[in-house]
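Letters A, B, C and D name the chains as they come in the text, with residue numbers starting at 1 for each one.
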């Protein structure tokens, strides 16, 4: 089978590197170009500051970074964008107008009613918003967004809970990894032997995006914090359900949850999108972030606090499931449902 | 004025070292002896593994550690105990029976109805339980407990909120420091680039002790986690109040809160037991744990989520206000109210 | 081909877990039993405190840990021992006497003249000491030691330097990972925002073992320190050579170095035992410790300070190349050279 | 006594904050103004990103930051400069030309033969270079430099060793704190669970500056690394001496070393500029960096490796003794020797 051609924008940042690494060995996709800001343009990928735990795969290490230029993006099936929001806000619509399907990480446009904000296991049906988007905006291509990383990790377990018991109210407190702020986002002297109980714009995103994805208007309150962990966001979640539950059933329902990507056996789909840890001191970022090759979220400490009052802890890899991996899975879903 | 004589049990642990350091320069108290387990007995304090950021004060550095032996504790006004619970459960009642006033850190007996569980600014009136305790148990002395460190830090801001607006329900998620587990409590390979979303027995203590201290039967749910921070517990708190509030008034009421220790100008009492930080990214453990010389808690991010729904973050030094400092302040209160 | 049967002693410690993980997917070896101290006996491997970044492979996760008992070790081709020295000193000779070939991590017996202390690329010829050992001690089996982790990482680059230019004097300063001290070896409150410039017994081992392995009596001085890094020992090395050199040739000779394991294409042998990093700020533990799947050491910052004065930095994975991996490679070498 | 008026340039960086904090309670000096880059100009000091472990003292917290402008610096006795080198290279000479005495942290001009590079205990006599500087450059004021932080910490123990035994050769390997790179110098994702064996320009500075300060042409080789420690540089030092020594005498000579600042009892002078730790696992950054209120260096692990071969570990607070404190002590020395 001929592979689909893809292009990566913002290839040198932390999320961009994840895109490149995940795509470099992808069975369906083939990277035909990488672009980043002027600073990196002209360099080989291996010459930019690579920071993942494994070096860039040989198939991409020698690729040269191009300067971002919408006029020079070659004919490809998908453009994956890890651009900062302010750049993305300009570049992505232009690409969509020119006919490209852009799978984007950045927060601009996420709340626009004609823009799909997709977690493939949770709301695959929202991909159909693309038609409305094209009609409204007169684009030949499209912009498809992935949610904020914290939102994605939260909504995977919320979806089966919502379907089975209903949700009235959610309190979530997050402990988020450093990589979520980008390579230079958190200086070491700011966070060593410390934590920061605030992440700019994050709480609003979690609240608004969750309501859009789950199509609910429940009460939801978030406090988001930064902790000295490299990768993996941990979230402590309290849920007031509509119907009563027992803990064993919640655990079972979460552990068995599957979505369209699992049905379609998409290459990046984890066998179980929600893994359950029975040990009382799990999930832990360093031990659990690579569950399902970074594409599963891991749930533990499922507790019944009182009738209709549920608590649990969920953890996910913020730059894989929370970012690059989720968009790649979405692209796979587009391919698989288009056929 | 002659100083009151005090004795420290468990002087070589993390909390024990805080006791010794705080008492070594205390205006009212004079350390006349230190005891610890057999392992340290006979050594000078300076020869045991001192781990605080400043070396032991000269007045105590050369004191020799004695073996714990209830028969050899000299006549003193107060015994401060930082013993592990299983040892404390045996030693403390024997000392109380022999006429000693024991101010104890350990969790045994905390929930007994005749045992004061005291935060001096919050429930000083509970010191009067000592009379019931003596009557019931036939002791000439007494055992007075300080609450769990997390409970103490939480209850300082809860008290003025309860008094002013009433409380229906509390959700708290904590991010607790390593020193709370004792010197060998958390191996470095377990916590670096990681967090652990469970602390044994902690959640039950926070719930039960808060109800005892505030004499309320409200809903309260806690999730306690361990993070890679040396000192300073951070707690994200959601409160459903009985009466509605506005954020500015909550901030003002918390910032102005004072208790009996402030009225009596006790030496260890911080001028303001609750300090407010206006910066949106505070409190932070490394920057705020020494507020009020470790005796104040620091509150930030006071938010109104919805009518009667309050959120804030509180931080306190777990081995000072959360442990040794709180007990020393309690001893000062006993002295001051006895006169 | 039938696989060789192996048994792991001390399977629940940090090095033991590496043994199990590396052997669980080994093409030549098959784990037939795991033993550890009484505390873990009877539990499944997955129920003991697993701390590696990936969970135990399914083929071993459900194996039950046995209590260490020399009489109950089944007939196997190799016993891999990750026991603490004091236990090893008793158990390993008994096993050797009973006919087992024991590949051991612990430091006892390492300096005995009839005991091979082997880095397969550096001194494979020392395996022949086994015959002397059997003759001297009347054993049917044998004890073969791997060197101290720091020694192993140091000696890989020293070997080609010695062969090509000769060595007069070595100064080495190490920055060693936490996992080198075992799971509970370094409390988190001892090492966070800190380093410890001393590791008990380490400097003596590096000096004595290097002289034994390289069969040289040169001057060698070591200072070993502990730093807050999970895995990967970094060593800054100064070498006074006998003959003069130029930097480019040193880099080339190191990068091309191969040993018997590479010639024999042993399954655990890295293609290049010494990888060179050209970037000036490498090697770094987090980015380079998995070079050659943890079996290569990584050299950088090769500098000529003055005529015959060489400096470089070398890094290796202390529990893979520095421990379990080195012993497994040695076992492969025994198998391959026996045939 | 009237206090000397001082002005701080670059007051908002990590070193600038140390200057402000140390000067805010200084008995001889009075801060009359603070300047920094445009970004901070107009803000109160307390509104800029303060990152020290204690908040700014009340006497300075409300001071407004001015924009750096050589024409607007008021008449003061000393200007303390913590400017980045490229800014300093322009601003400092202009100030000196206008008659100001500038005590500067930055590396420009350090190696100029008419510029004093002063550690007050080591080479106070070099202050007299100011006269040559004024003559050569036609300045009414002067520029006095403090050495690189690593150099300062190294040269304190080298001085008495040089005086007593002579020095032929030095090997030094450093493990340097994050604060040495400035607030944004080391991203957290670059250094957590990691170390970086290279610091740009550092090794050359250590070598050249040490030769200038000690007026020697011995062999000296340095490898400088960055480790995840907030404050406090640790240096492992090997010295080939000219005359033989015994360890006890070295320890005694170092511990008794005093310089002109101690004789003159300058306010910032530590009673003992070199403190000795007898414990084998010291010095450690977190436990020892505040020795002498951050102005002493701490030496441990003094060892005789062979005849005339000495090894030790030295640690100092890089932003106090290594930066702001050293310059303030130099200013005190100027005042005291001028009278």
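Remarks
Keep in mind that, in the parts below, contacts are C-beta pairs under 8 Å (C-beta built on N, C-alpha and C of every residue); 3 or more make two chains touch, one makes a residue touch a chain.
None of these values were measured; they are calculated from a predicted model.
Number of steps on the shortest path from chain B to chain D, with steps defined by chain touch: 1.
With chains reduced to the mean position of their C-alpha atoms, the one farthest from chain D is A.
Across the two interfaces under comparison, B-C and C-D, the one joined by more C-beta contacts turns out to be C-D. Per-chain Cα centroids separate chain B from chain C by 46 Å. The geometric centre of chain C is 41 Å away from that of chain D, both derived from CA atoms. Shared contact sites, meaning residues of chain D that touch two or more other chains, fall at 51, 192-193, 228, 230, 286-287.
Note for the complex: chain C touches chain D at residues 171, 173, 175, 192-198, 219, 221, 223, 225, 227-230, 234, 236, 238, 280-287, 300-301, 305-306, 309, 311, 313. Considering their complex, residues 14, 51, 178-179, 183-193, 228, 230 of chain B touch chain C. Here chain B touches chain D in the complex through residues 50-51, 53-55, 192-193, 286-287, 290, going by the rule given at the top.
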